[in-house]
Structure formats: structure tokens, C-alpha cells
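One chain, chain A, appears in both complexes that follow, with chain B as partner in the first and chain C in the second.
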Partner chain A sequence: MSVISTKLRLVINNLSKINLRAKQIIRHGGYYSSEYLEDLGKVSTKFEVTKDPVDWKCVENILPRKTIPEPVKKDEYPSGWQPQADDMQSRPYYIERTRNHLIPVYLDLAQHNIRRHTIIRRVKGDIWLLEKEVTEFLQTLSNKPIRLQVNEFAGFIRINGDFVNAIKYWLKNKGY
Partner chain B sequence: MSKSADKALNLLRSLPRLCLGNIRDNPGSRSSRKRGRGQHGGDKHGAGNKGSGQRQNYMRLGYETGNNPFYLRFPNEPYYKGHHLKRQYPPMSMLDLQRLIDLNRLDMSKPIDLVAILNTGVFKLKPDQHQFGVNLTDEGADIFKAKINLEVQWASELVIAAVEKAGGVITTAYYDQHSLQAMLNTRKFFERGIPIPRRMTPPADAIEYYTDPTKRGYLADPEKISEERLVLAQKYGYTLPKIEEDKTYEMLTQRKDPRQIFFGLNPGWVVNLRNKVILKPQEEKLVEFYQS
Partner chain C sequence: MLANILPKLRNTTSLCRYFSSALTTNENIEPRHLQYPSVYQKPRQIWVENLDSIDERKLGLIELHPTVFAANPRIDIIHQNVRWQQLYRYVSYAHTKLKFEVRGGGRKPWPQKGLGKARHSSIRSPLWKGGGIAHGPRSPTPHFYMLPFYTRINGLTSTLSIKFAQDDLHVVDNLELPTDEKSFLEELVKSRNWGPSVLFVDDTDIMPRNITAATDEIKHINLMPVYGLNVYSMLKYETLVITRSAIDLIESKILENLNRNDDKTFTGKYKVNQV
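What follows is the complex of A and B.
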């Protein structure tokens, strides 16, 4: 009994100490961030501090990269991805790739997935020429007249209907 | 005079005279004093009259307006028992994997494990929602051409065949939730200054999968795995590329210890990113704990 009572007293003492120091708010939310219930005294665990370059290489290998790497030129890309053509300077309009080096064509679903819009983003230059070419291309796929909206200021084209894969394929073949 | 003109004149004679009582304005000459609100003069805006359409409170999925709904008609469906506790493996297709390799996001010269896949930032994993790693699906298996040392958590037979046909090796490995938490963002984990956890052995219902050589489990006998590689090559009809004669043989045969979660780093080590040092425990108790 006496052992328990001394232990209890110790714990209560420690708690009161914590309360006195509680001006700075500490959130003991986790296993590692919580304080010990009892004071363990000075803990000395034997450990070794190493600076082995081989080990450090392993650490560097698993650290996430802070930026997205540039793609490397290869003879073939089995996934079907393709880098942009080199003659972009001389073209009347330009479609910038996303940061993941993909073509910025998206499907916009709304009204309980009834409204389907295809959006071509990041268009720079003569957006009206792109509109003309896109309508011409899509008209071969659809019986209905193509309805689309051009936002020259924001640089996107919004097309009624789901043509994402068709437009991606078409733009890829044109080198964008 | 024609007959029809006669008839018309007769009709006109019998009709009432034009007077104040039967005249009215030309259509559109007067406008109403009420101003209509909205595009079509204050109507229902295409939402219909009353109900879900107007209030946008569509009935919940499966609700049958007062009927005993289909999904509640059968009182017990035991095959769904414990579905909320089952391990989940979110999918990633082989096409996605090939694209990551094409785009230089994954390094083919090093073993590709879950850490490498998570480090690309394209694949998201939520261990707290019972997600235990990546399920490599067979979409794009026909175009897959990368010779890699791959480690995933779940793979079908076709996927295994596609990876091995391309000259690579594949392993399926289990990681517990604490290990996965450390793998999500290694930089964040090292900054916490806590030791690398030791990987737990798979739970009872997963041991069968991860010791199975046909699934290329990480706990399976390596000799049986090389036998199964041949069997699979014969089943799918391709000649198995000899990895023993390959230049990258050393990389292709790199495996983690069943207790290890990072290549080259042992459990129990603490990585200090600021001073670029690694602290290794020497206490016998700790060494024994992290090895067992």
C-alpha cells in the first residue's frame, strides 16, 4: 500500500508541476510528443553517430524530389506519351503542357453528371484559329452542330460534349 | 360575280357591325404594368412546380418513396460482413506506371518500391482508411516494356507475366500501417526524429498470399519463385529473359529484409537531415528488438 501511495504522490506532484508550467500550451496529441507520467531521471541509451556516405546515399535515394523532373529524350515512349514538337515558335497558337507534362484537356461534369463539357486550357496565341480547326475536326465525329465557347482572355475553349480523348489524340498528332 | 364572293358578302351582311364593343388593340401595342422578374418574366427557371426539382433535395440513393427499399428487403447479407475492416489496395495501372517511367518520374536503374511510387506524388495512399499499398492492374499490360525491379502490394497473374516478359522482376510485399505512415513522406518522417519502425509480419489472413510463390510473395521460397517464373512463361508463351546474364543483375536481385521498409536503412536508425548523420542504436536490448 505504501508503495502505491508514494507512487501516487509522485504522479500528483508531477501533474502539479505541469500545471504550474502550463503557460505555454502544449498539445500532447501523440505517443512521441507526450510527456512521461513519472520522471524517469536521466536516460542514457548507447548509440553511435555515423557519417557513412554509403548509408547517406540510401537516405538521399528515398527523399521525395522537390520539383518535377524534366522528361528525357528517348527513342520511343511505350506509354504513348510524346514530347512537344520543336517548332512551337512558328505556330499561330500554342497550348502549354501541364506541370506533369500532359496535354491540358479536361472533362467537366455538372448537373448530376448530365452536362458534359470538354475544356481545352492554357491556349495562347490565335485561339480563334484553334476554335475553327477544332470545330472542323469535331464535326467529322458528330452529327449535331458543335457548340462551343471561346474565352480569349482566360485562354480556354469550352466544348459541349465529351471529346476529351479525341481532342487529346488530335493535339498529340499535331505535335502539341 | 363568282359564287364564293357572293357567299362572303352574304356572310358579311349577317355579321355584327364594327363598333366600340368589338374592337381591341393591336397585339403588342400595350405592355403590362407588372415587371417580370428573371429571364422569362419570373417563371420556375426550368425547375418545375414544387418538389425535389425546386428544392434540389433529390431523394437519397435507393429510396423508393415509402416502399420497403430493395436494399433493406433482405435482412442479412453475410458476405459483406466486416467489409469496413478489410484491407484495401487502391489501383494503379501498368499504363500509369509506364508513363511515370517514360516521363522520368521513376528511376529504372533503381528498384521501384512503394516509397518510389509515393515520392512521385501522383499516387495517393491513405493508410488510416485501411489502404495498404498499391494494386497494380493489367490495363496497359500489352504495351509494358520496362525492365525493372518492382515491388507492389497486390498483382494479378497477367501483371506478373507482363513484368517478367519485359525482363524485370516483381515482388509482392506487405507493410503495416505504421511503416506506411513513415513511407508516405520520408522527409517529414525523418524530421520527426523518431527511429525507423520495424516492419511487422503480415496478419493471419494475408500470410497465405505473401508466402505464395505464384503471387511472388516476399516471404516465399526464392527457388520456388524462379520455378514459378518458368511455369508462367510457358503458360503465357514467352521466352523468359535470363536475368543472370543481364548487366543490371545486381539491381534486379536487390530485395529488402522482411523487417526493413527502406532500401539500405535498418529499423531502429534515426536519420538527422540537418547534420546529415545517422544515429544507430548500440544497446543490446534495442538491437535485439529491431532484429526480431
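What follows is the complex of A and C.
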């Protein structure tokens, strides 16, 4: 028995020596099978310090923007997006664009997606006129009477049913 | 007698000014440039006043951003903020003992069968008088929770707008007082009808020496830097007096947060170990 055990020990010792010699990554290797860190000595990475504003502009281009900038005025945009019209101050009600320059109309799903509510947010001014116009428009799309709730204080309208794209299209055509 | 009346007469000189809102000095207040200008709402205007004399002098008009100072007065959001400010630091120390924590009760009081009495295993059972309490309050119970980020921001805009609409918001050029006597400040607050309690807000937390010494002894007139401004304190004090530089800082901070693009990074669920 003792002979076998000494032989085994030898084999294990040799195997561990082979492991140490082998520097390539071992398949199914883990934390314990990985090698220790070695001191690589002095590593010389060459760099240059510059305070040139032209160079800094290149860095600024890579940095993510903190806000979405004001879009450049064009007649038509490839995505179909449209900026708000310019005559907003003279209108009776106003729907503010979001920080991403989108129309704030959202779908609210609840009760395992059975309840579908469309919400028009950020309404300022005469919200009751908007309610009247929206119901007139939606009545053309639906056979049932339109049920909606107006919250003048918080500035939103909640409509029963999924009319998000229809309302977004309608508001876009009106210039909002 | 005359000596008693004379200091009070100082206030009467300004009586005629109560009814006039004309510019009383020629000092130039540089106009403000509003960032992220509103398309629909007009900028609001407010007088810049002085603090170096008891008589009020209007130094000039500045404009305020309507999204910050003319927001809807959402009292529901304000209530959420006040509730959160009271609760997040509240720890309930109400405590009751469970059955096993009450002394004794290890022995069965009487045999299970044969006595015609109800079966009981311990005299400290919750059914017994002097026994443990089932589902009672346990100490300490923290009530900490985090209000969503934009509820906190909207709470600030709502409260600032309410203060502005109710004429309880005043803008001063700086907080320099001529003396460090508290009577001067008390008289000034009284003559300008600023009510019993006043909160002075500046952009830095190192305030001028005179106003620090004067407010030190008055408990209902206090100083606060911009980074400490909160809904609860704004409601607690009758009048809010903000320096012009503090107005700039408050407005830029709120507008930056309302318009920033990377809001997804901090509007998620609050984790206790987050930075």
C-alpha cells in the first residue's frame, strides 16, 4: 500500500509542476486554478498632457450630452418627427413637449393589461376645450361613447381605451 | 418718553412707500438670462430689495423662470414631501414582549385532562392576563423610505410657486446688515410685514457676520444655505427671503434636473447602499 501512495504523491507533484509551467488559460479554470499576479517591473506608457481647446473639443464630442439639444430646423425629418409650431402663445391650450422633444401621450396598462388608459400629460391653459375636441375626434374612431377624466389641477386627461397613436397623430397635425 | 418713541418713528417714514412700487434707487441690477425658456408661460417678475436699511428700497426687477416659480400648486405633492420628511428619520420605540420573553411560564399549569378546566400549556400564553403579546409593536421600527426623485423636485417647485404667489417670497441683493444687533433685524422684519418667522437663504453656508450674530438669538428668524432648502422648512417659515445669487442657483439646479437626459440612472428603485 505504501508503495502505491508514494507513487501517487509523485504523480500529483509532477502534475502540479506541469500546471505551474503551463501559462496558457486552462479550460474550466476557476479562481483557485488561476496563477498568482507577477511583478511586471516598470511599465512605460507614453502620454502627453495637452491643454489645447481644439483637442478638448474632440473629447467633448465623445462625452454624452447632459440634455437633448434643440433640434436643427428643417422642413422634413427622416424619422417623421415634427417640431412644435411657433404660434403656441396665441393658442387657448398648450401641451408641453417632454425633455426629449416628444408629445407626452402615454398608455397606462393595468389589471393584467385589460384596463387600457391613454393619458395626455403636461396640458396647460384651457384643458376643457381640449377635452371637447378630443372627444369629438375620438368619437369618429369608436362606436361606443368615449369615457374620459379631466384633471385640470394636475394638467392631464385620462381616456378609457388605447388611442395613443391616434391622439399623437392628431396632435402632431395640429402642431403641438 | 421721547427716547422711547423716536426709534419707532423711524418706521413711519416709510409709510408712504407702502403704496408705491416705483424704483427708489438708480442702482443697476443686471437682468437675468433664463435657461430653457418656456414657450407658453411668461416669465414672472420680482423686485430685488435691500437689507442694509429698515426702509425698503427697491433696487430693480428681475425675472423668474415660470416652470420653477409659477408651477401648479400641487398640494398633494407637497403633502407627500412633508410626510416623507417627517417619516424618514422617525423610529418607533414602542415595544411589547412575546410569550417566550415574559418571565416564567415554563411549566404546564395543570394536567391536560381530568380537571374539567380549559387546556393550557403556559401561564404566559397570549390568552392569559400578564402573558405575552401576539403581533405587538417591536422596537426599533424604522419608517425610512425614499420619495421618488421627481416628486421631490416637484415638491420644491410647488412650494416655491406657492410662496411666490402668496407674496411670501422676497429677493434681496445680499445679506449684509449694518449692525449685528438683533433689534435692527426684528424692526426690519416688522416694518416690512414679513410676519413672525423668516427664513433667509443664501447660496453659500458661510453667511455675513452681522446677520449670523443677529439671528443667533432670535429663534424664529433663521439662515439656510441653498443645499439645505426643503419643502418642510419653506412651509414652516412665514416668509422666505432669498438672495439673488441663491435664486440663480436654485433655478439652475431645478431646471437642470427637469431637463437632464440621464435621469434613468437615479429614478429607479432606491437601494439603501447606493451612493
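In this section, the second predicted complex is superposed on the first by the 118 of 176 C-alpha atoms of A that agree within 3 Å, B and C clash if a C-alpha of one lies under 4 Å from a C-alpha of the other, contacts with A are read in each partner's own complex, and residues count from 1 in each chain.
Quick note on the criterion: contacts are C-beta pairs under 8 Å (C-beta built on N, C-alpha and C of every residue); 3 or more make two chains touch, one makes a residue touch a chain.
Everything numeric in this text was worked out from a predicted model, so none of it was measured.
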item: First (chain B), second (chain C), both or neither touched by A:Y77; value: first
item: Touched partner set for A:Y32, first chain B, second chain C, both or neither; value: first
item: Partner chain in contact with A:I68 - chain B first, chain C second, else both or neither; value: both
item: When both partners are placed on the shared chain, which of chain B and chain C touches more of chain A; value: B
item: Which of chain B and chain C A:E96 touches, first, second, both or neither; value: second
item: First, second, both or neither for A:T50, with chain B first and chain C second; value: first
item: Partner chain(s) touched by A:C58 [first = chain B, second = chain C, both, neither]; value: first
item: Set of chain A residues, in rising order, touched by both chain B and chain C; value: 64-65, 68, 100
item: Residues of chain A defined as touching chain B within the complex; value: 32, 45-52, 54-59, 61-65, 68-72, 74, 77-81, 100-101, 112
item: List of chain B residues in touch with chain A within their complex; value: 58, 95, 98-99, 101-105, 110, 115-116, 118-119, 121-122, 140, 143-146, 185-187, 190, 192, 194, 262-265, 270-271, 273, 276-283, 286
item: Residues of chain C defined as touching chain A within the complex; value: 39-41, 72, 74, 256, 258-262
item: Chain C contact footprint on chain A (complex, rising order); value: 64-68, 84, 88-89, 94, 96, 99-100, 124-125, 153-155
